[in-house]
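You will see subunit A twice below: alongside subunit B first, and alongside subunit C after that.
Take a look at the complex of A and B:
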C-alpha cells in the first residue's frame, strides 16, 4: 500500500502553490479596490490632511504595493495577519473569536442535511417515478429554490416577532455563565431557526444528488449479480447499493464546505449570528483591508484543505482507487 | 408527384440507431417527454407568466417603482396599493415587477456568460485532450469549489457595483458544470461515425469542432445552463440583500433588504417580493429539471 502515502504527499504538495497563489490574488484584488481605507477609518474631513498622512504612514499604506505585499507575505508566514483598521485588534484574534459560532452553525447544518438528504435520496431512488419519488424531489427543489435569507426572514417574522418562541438575533442571551446548562439551552434556542433554514437548502441539494447516485448504483452489474446470488432485496440495498452510492456524495460534501460559507454569510446576516459571515459583510462595508485579507486567506485555505481531505476520504472509502501499491 | 431529391444528404448515411435518432424531429420528442409531467407544465406556465410580467412591467405597474410618497407610507395591501407600500411610500407591486426584470436579465445574461465560457473550455479540453485537458479540468474543479457569493461579495465592491460586473462575476464562476458536460460530450462524440467520417474527408480540427461536434452538444449545454440560471438569480438577490448587487434601486434583493429593516412593521414588504423571487427560482428550477430529464431521458 505504498500508493496511499504517495497520493497523500502529492495532494498536499499540490495544495501549497494554491495557497501561495491565493495570497497573491487576495492581496492584488483587494488593493485594486477604490475607496481610501484611511478616509473610511476616520471619516470624511474629520482630521487634517497632515494627520491623514501620518496615519497612512503608520499603516504602511504610503509604501509601493510590492513593498506592502512582501511585508504582508512575511507577516502571514509568521502567523500575523495585521491589525484590523476598525477593531484595532489583531485580525487573527478577531477571526478566531468568530470561528466557533460559524462552525457551530455550519456543523449542525452539515450533519442534519447530510443525514436527511441521504435518507430522502435513497427513499426516492428505491421507487423511481413513483408518487413518493416525485413528491420528495419536488420538495427538494423547493428547498434549494427558495432564497435562504427570505425564508430566514419569514421564520423570524413568524417565530420570533409574532409568536415569540425564538430569539430575534444573536447566539446566546447575555448574562449566562459560559458552559452552564442554561447557557447551552439558550444557544440551542438561538441556533434552531438558522440551522433549520440552512439545512432545508442543503438537504434539498444532497437529496437530489443522492437519488441520482443511488439510481446509478442500483443499475450496476454487481447489484444484479448480488440479487441473482439470492441475497434479499434489502440486504443488497443496504450492504451494496447504498455504500456504493454514498462514495460520489463524499466529493460533493467536500465541495459544500466552500458553498456553505456562502450560505452562512446570508443566514448569519439575517439572524445576527456572530460568525465569520457577518464579520465579512462588515469588513466589506468598512473596507477593513487587513480583516478582509485575513478572511479571504482563511476561506481559501479552508476550501483547499476541504478538497484535500475530500480526496483522501474518497480514497479511503473507495478501495478501487488505492491501486495495488 | 413526388420528386426524388437531386442532391444527396451531405452527411454519411449510416444504419446505426444513433444516426437514425438524430434524423427524427428532436425538439418534438423533448417536448413530448416534457409535457408528461404536470409539475413541469405548471412551472412552465408560471415562468411564462413571470416573463410576461417582467417584459411588460412599465405597462402593468400602476406606479413608478421608485416614486417616494410621504402621504402613503407603510400602507397594507389594498385596492390602491395591491401589495402595500414601504416606509418611503413606494408601491411594492410596482417595485416587484421592475425587480423581476432585473432578476431575469441578470440571470439570463449570467447564464449566457457561463454557457460561453463553459462551452469553450469544455470543448477545448474534450477535443484537444492530453495535458491541456488535464490542466483545464483541474482548473474547472478548482473554480467549482470557490464560494461564489463569498468571492462576489468582495470582488463586486472592488470592481465597482454595476450590472455588468455583477453579471460577469456570477457568470464567470458558474461555468464549471457546463464545461464538464461539454467535455464529456466531446469525448463521446469525438469517436462517433459522423465525426470520423468528416475527419476522413479531411476536415480541419476547428472545422470539426464547430460544424460537427458543437451543434450536437447544443441541447445539453442549454439544459446545463438552464440549471445554473436560478442559482445565478438567487446569488444576485443575495448580493443585493447584502448591499452589493445590481445597483438599480428596486431589485427584489434590495426590496428584501429594505423590508428587513422593517421587521415586524410591514410583513407585506417582505412577503410579496420574496414570493415573486421564490416563484421565479422554483419555476426555473422545475422547468430546467424536467427539461433535463426530457433531453437525457430519450438518449
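Take a look at the complex of A and C:
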C-alpha cells in the first residue's frame, strides 16, 4: 500500500510543469494572434495616434513581449490575474462572478447525464440488439450528434414560444429579491431547458460508452464464474459486471469535470445563460488579453486537476493499480 | 451682441441643418402617455462598464439613462429642452448660452451646475470621448461663472454645434466624482452609484440583466417606473424573446436584417428605422488608393460599373433597402437626385479596364485582388460575396479575405494592408460627417479614419465652405457639388443605403427618435397599461 502516496506525489509533481507550460503556451497564442486590443477599445469615432499611444502605455502593451510575459507570470504566481482591459475590474472577480451560473448549469447537467447515461448504458447492454437497446441507442446517438445550438432552438420554439412553459432567455427574472423562494423558482424555470438540452448531449455520450464497456464486461470469464457459482442475475450485474465496466467511464467523467468550468459556449449563447462560456467569447472578440488568459488558465488548471483526481479515483476503484504503481 | 431666443434658433437650426421631403416625426401614437410600467430591452452584450463616455454601444444605451445631456433630439434632430431648459445663440453663430433646469441634482444630493458642464467639456469629453476632440475642438472658452447658465464661445461659426449636445457625444458628468481621475478606472464607472439622469441603478445580475428604476430626484421625470436590459448574444434568441414578449424592444444594434425578415407579419410587433430618417448610413467599400492598380481612377471607375448595386442592396437587406448613389444616404438633406452615379454595365467595365492597361491575360484574368470582409457582420459578408462574383465576371481574380473584428480593423485602418475594405458610414444628419472619411487631413492610422487615403484639395475646400455656411440651401448646393466630385473620383463603391431598424411590441410608444440608434434618453418613452 505504500505505493499510493508515491503515486499521488508523482502525479502532483507532474502537474506543476504542466501548469507552467500551459501559461507559456496560452500567453504566446494570444499575443501571436493578429489584432490589437487598443484598436478594439477605442471603437467608433476619430482617435488621435497620441490617445492610442497613451492607452497602449497605460496597459503596458508598449513593453517588449518577454517583459510583458514575466510581469504576467509574476502576478499569476501571486494569485493576481490582472485587470480586464474592457471591464476595468480584476479578472479574478469577473471570473468568480460567473462561476456560480456555470456551475449550476454544468453541475445539474453532470449529475443528470451521469445517472441517466450509466443506467441507459446498462439497460441497453443487457439485451443487445433488442428493441430497448435500439431505441435507447438511437436516442443516444441523436443526442450526441445533433448540434446543441440547433436542439436549443428547437426546444425554445416548442417549449418557450409555442407552449409558453419556459422562459426564453437568461437565468432569472428581474426584480426578485436575491435568495428568496420566488428567486430560486425563477432560476429553476430558466435552468430547465438549457440543462435538458445539454443533458441530452452528455447522456448520449455516456450511455454509448457505458453500453460498450458493459458488453465487454459481461463477456468476461469472471461473469461466467460468478453465474456458475449460482449468484443471482442482478447480483452478478450490479456487483461484478458494473464495477468492471465503469472504469473507462470514470476517465470520461473526469475529463468532463475539467471542461465543465469552461462553460458550454453554444448552449449558454442560445439560452442567454450568464456563464463563463459567453464571457470567453466576448473576451476573444474584444481582445481582452488578461480576461482571456485568466479563462484559459482556469480551464487548463481544472483539466490538469481533474486528470490527477481521475488517476486517484482509479486507484480507489481499481485495486490492481495499487500494487505495481 | 443680439441673441436669438431659442424658438427662433430652433427654426434657424431646422433651416440650416435639417429638412426632409416628408414629415417624419416621433415614433409614438397620439394617445396620452401612461405613467408607470416597465420596459424590457434586449441588447446583444452586457455593458462592460458604466463609464459615461464609453464608445461601447451597449454601455451607451444604458448610460444615456443615467447621465444628463444639455439637450435631447427628435427624429428631425430638432433640439428639445433637457438639462438645459432654454438656450440662445448669437447672430454670428459663435456664442451659445444654455440655462440649466433649476434644482437639478446628482443622486448624492449635490446640485448639477454649470461647473459640471464646463468640467465635462474641458476635462472629460475631449480626452475620453473618442470623437470629443473632433466634435468640440471648435470651443474656445466656457464661462461657468453663473451656476445656472453656461456660455460657450466658439473659435468660428460651426453649424453642427447644437446637434452634438446629446448624451452620446456630450454627457454631463459629476465634477466632484470624476475630477482628477481616469473615468475608466473610477469606481463610479463600475457601480453607477452617483448619477443624475432620469433613471438610476436598481439591480445588476452579472451576465443576465441590468435593471434601472425611476430616479425620483431627476430633473426630467420619466414615464416608466423601470427599464430592464437583458443581455442576449444570439440574434435568433433575441428575436424569439421579442416574439414572446420576454423583451419589448430591440434597438438597432440588436436587429440584423435577417431578424427583420423573420419578424415581418407579426401583428404584435412593429418594425421601423426609427431615428434613421436623418442618420442612416451608406455601405462603403473603399479602395486602397496607395497601391496599384487602385491608384488609377479609371480602374476604380471601371469597378464601380462592374458592381450590381441594386442586386447587392436587395439581397443583403431582404429588399428593405435601395442602392446608394454616392457617399451620402439618399435620406440625407444633403443628397440630391441630380447626383450621377455608376450604371451597372460589365461590358463597359471590361472596356475601361482594357483601356486602363489591364487586358485579360492567358488565364482569363486581368489582375488579382482581395476583398476584406467580416463574417460576423452579415451586411459586409453578404455584400462582399456578391462583389467578388461581380468582379470575377469582368475578369478580375477577386477573392474574399475574411477577418474577424480586431485583425479587420488593423488591416483596414492601421496597417493599410488591403485592396478593398468595407465600412458603414453615418453621415446623413450632417454632410460634414463625411470629413473623417474623405478629407485629406483624415488620412492617419486610426480607426474610422480616411483608410482609402483619398485626397482631393477641391473636395477639402468644399468641406470648409460647407461647415462655415449657415444657410441650409447654400450648404446643400455646396455638398451636392462635393458629392459629385467624390463620386467621379470613385474612392469607394456605395452599393446600399443602410438604415438601422428597430423592432418593438405595439404597446411601446415614444422610443428615442434621435439619430443615435436608441442610445438616447428614454424619458419620453411609455408603455400601454396591460
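Just so we're on the same page, the second predicted complex is superposed on the first by the 313 of 325 C-alpha atoms of A that agree within 3 Å, B and C clash if a C-alpha of one lies under 4 Å from a C-alpha of the other, contacts with A are read in each partner's own complex, and residues count from 1 in each chain.
Just so we're on the same page, a residue touches a chain if its C-beta (ideal position, glycine included) is under 8 Å from a C-beta of that chain, and two chains touch if they have at least 3 such contacts.
As the structure is a prediction and not an experimental result, all values here were calculated from the model.
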So, after the overlay on subunit A, do subunit B and subunit C clash or fit? They clash
(request) Give one of first, second, both or neither to describe whether A:52 is in contact with subunit B, with subunit C, with both, or with none. (result) second
Quick check for you: in the superposed arrangement, does A:167 touch first (subunit B), second (subunit C), both or neither? second
Practice task
State whether A:89 touches subunit B only (first), subunit C only (second), both chains, or neither.
Solution key: second
Would you sort A:153 into first (subunit B), second (subunit C), both or neither based on which partner it touches? both
>> According to the stated criteria, A:281 is in contact with first (subunit B), second (subunit C), both, or neither; which is it?
In response: both
What is the contact status of A:270 with respect to subunit B (first) and subunit C (second): first, second, both, or neither?
-> both
Quick one: is A:144 in contact with subunit B, with subunit C, with both, or with neither? Answer first, second, both or neither.
first
>> Contact-wise, after the overlay, does A:255 reach subunit B, subunit C, both or neither (first, second, both, neither)?
In response: first
Query raised in the report: Is A:98 touching the first partner subunit B, the second partner subunit C, both, or neither of them?
Result: second
Clash list for subunit C against subunit B, restricted to 58-66, 202-210 or 256-264, contains only 256-264
Where subunit B and subunit C land on the same part of subunit A: residues 33-35, 153, 156-157, 161, 168, 269-270, 281, 285, 287
Interface with subunit B, subunit A side, in the complex: residues 18, 29-30, 32-35, 134, 137-138, 141-142, 144-147, 149-150, 153-154, 156-157, 161, 168, 254-255, 257-259, 261-263, 265-266, 269-270, 280-281, 284-285, 287, 292, 296, 299, 303, 306-307
In their shared complex, subunit C is touched by residues of subunit A numbered 33-37, 39-49, 51-52, 86-89, 97-98, 101, 153, 156-157, 160-161, 164, 167-172, 174-175, 269-275, 278-279, 281-282, 285-287
Counting only contacts in the complex, subunit C reaches subunit A at residues 38, 40, 42, 45-46, 48-49, 51, 55-56, 127, 129-131, 133-134, 184-185, 189-190, 202-203, 205-209, 211, 226, 228, 230-234, 236-238, 240-241, 243-244, 246, 403-407, 409-410, 413-414, 436, 442, 444-449
Note: in the complex, subunit B contacts subunit A through residues 39, 141-142, 144-150, 153-155, 157-160, 230, 234, 237-238, 241-244, 256, 259-260, 263-264, 267, 270-271, 274, 277-278, 281-282, 284-286, 289
